[in-house]
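Pasting a structure below so you can have a look.
Letters A, B, C and D mark the chains in the order given here, with residues in each chain numbered from 1 onward.
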Amino acid sequence: MEKLKPYYHTVQYYETDAMAVVHHSNYIRWFEEARLDYLEQSGYPYGGIEQRGLMIPVLSASCEYRQAVRFGETVRIETEIAEFKGLKFRIVYEVYDKERKVLHARGNTEHCFLNQDFRPVSIKKMAPDLYEFFTSKG
Amino acid sequence: MEKLKPYYHTVQYYETDAMAVVHHSNYIRWFEEARLDYLEQSGYPYGGIEQRGLMIPVLSASCEYRQAVRFGETVRIETEIAEFKGLKFRIVYEVYDKERKVLHARGNTEHCFLNQDFRPVSIKKMAPDLYEFFTSKG
Amino acid sequence: MEKLKPYYHTVQYYETDAMAVVHHSNYIRWFEEARLDYLEQSGYPYGGIEQRGLMIPVLSASCEYRQAVRFGETVRIETEIAEFKGLKFRIVYEVYDKERKVLHARGNTEHCFLNQDFRPVSIKKMAPDLYEFFTSKG
Amino acid sequence: MEKLKPYYHTVQYYETDAMAVVHHSNYIRWFEEARLDYLEQSGYPYGGIEQRGLMIPVLSASCEYRQAVRFGETVRIETEIAEFKGLKFRIVYEVYDKERKVLHARGNTEHCFLNQDFRPVSIKKMAPDLYEFFTSKG
């Protein structure tokens, strides 16, 4: 399989705060953007996952901020599935500047799969292709 | 009926932008806060309206910005149903400082009622008490 | 001068609300994205405008919502300077689906120019090129 | 010193997402609300800290989500300084329902103090009262 492209996000003015840098809560939103782009690039757009009756809630999220990002800049986010244990998986993110010279932040999120009754499910039977994909990565 | 209390909102740091004032998009969110508080104070909490199978989408929103609001300030929002014509209604908002000496902004939103199939409905039959309430105001 | 490209925005999951559509406040943010992209394409990136000691606050904003936008969709925003009267200008926006078959929303924002003391200024002397540009459009 | 009051936040409609629960990024914003309320109750409102030439950036943030919060609910956030080592400090948060029967989430944030040149500073000399306060807690 070909390598996935990193995700680029152009910083919006409404993402800045009174310190004239991006408000820290927005990195958690960027992780979501990068994660859904990653799944789409991998052939599993989130809309399709939902249509199969699955949801992927966030169990935890964390971010370590190293260097502030400012309005007008574009960040490059590299995303990877770091761990998959059948029920849960963990994704790691690195937020670089456009040229990948500065690491602005890094973080990770943990997830599980829920069915339409909001109950955790194993995707091994419900979505074997997805199971295969996560197993090959995690 | 007793007069409704104005709605107070304390400005959060994440609501500011790089000009060190509240980002203008947040006023539209404050209008929503004030509107739902108004309905709740009037005896029609939005959760209850939804349970009766009704939704109140926003048809239009506008805001005129007069004086910036900053972090640490608390705004006082006065809300009124300005017009109700059976199907649609309009709400007007005035955003003051806490002591009501400065008018920071004013705006309005227009709404209709939708049923669960996302179709516009008259509430005259579906929710006569709500109809009565809007008629008495608009 | 060549025609400007429309602005495309991919809807993010965090922009949706419990009605499973994009929350109406986000359109005001999209207008900002489209406006700054428009200025950048025209040769006036906002960062450069700020460096010249000018700010462009929002005096008013309004949006008329016609058809909801959902997660997974991409919108195409067409932006135009509709009016420029020396001190103030008005921009209009039309939000279409990607293929420009459905008009989801339209709106406008009004602006003036402020100097670093937060006072309204005429850009005729301070930024004659910008004045020329706005005059040619408005 | 009297015990601090927990911080209450009423969930807003614009904080929900298409899963009809509060979007996970908002908890990071609630932590900020609770943190600034905590500092204010302790006699150190953030505006005053900034006036002394100090900023308190976020070095890291994390949240563990246990049970979703929905529109119409009010959360009770308990905040505590967990650690202070002269330069850095860590705050922990617990997000409960209003009656404190359900733990919805918990998390923590790490911070340092910056001067106006964006350089880390020891507050021992610059703000001995603040130093005293953090030492008594951490």
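Everything that follows uses one rule, which is that a residue touches a chain if its C-beta (ideal position, glycine included) is under 8 Å from a C-beta of that chain, and two chains touch if they have at least 3 such contacts.
These numbers come from a predicted model, not from an experiment.
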(request) Please state whether C-D or B-C has more C-beta contact pairs across its interface. (result) B-C
(request) Look at all chain centres (mean of CA atoms) and spot the one farthest from the centre of chain C. (result) D
(request) Could you tell me the distance, in whole angstrom, between the mean C-alpha positions of chain C and chain D? (result) 34
(request) Averaging only over C-alpha atoms, locate the centres of chain B and chain C and give their separation in whole Å. (result) 25
(message) Touching at least two other chains at once: which residues of chain C meet that condition?
(response) 13-14, 25, 29, 32, 71
(message) If we count contacts the way the header does, which residues on chain D are in touch with chain B in the complex?
(response) 12-14, 29, 32-33, 36, 45-47, 71-72
(message) Which stretch or stretches of chain C touch chain B in the complex?
(response) 19, 24-26, 28-29, 32, 55, 57-65, 68
(message) For a test of understanding, state which residues of chain A touch chain B in their complex under the given definition.
(response) 13-14, 16-18, 20-21, 23, 25, 71
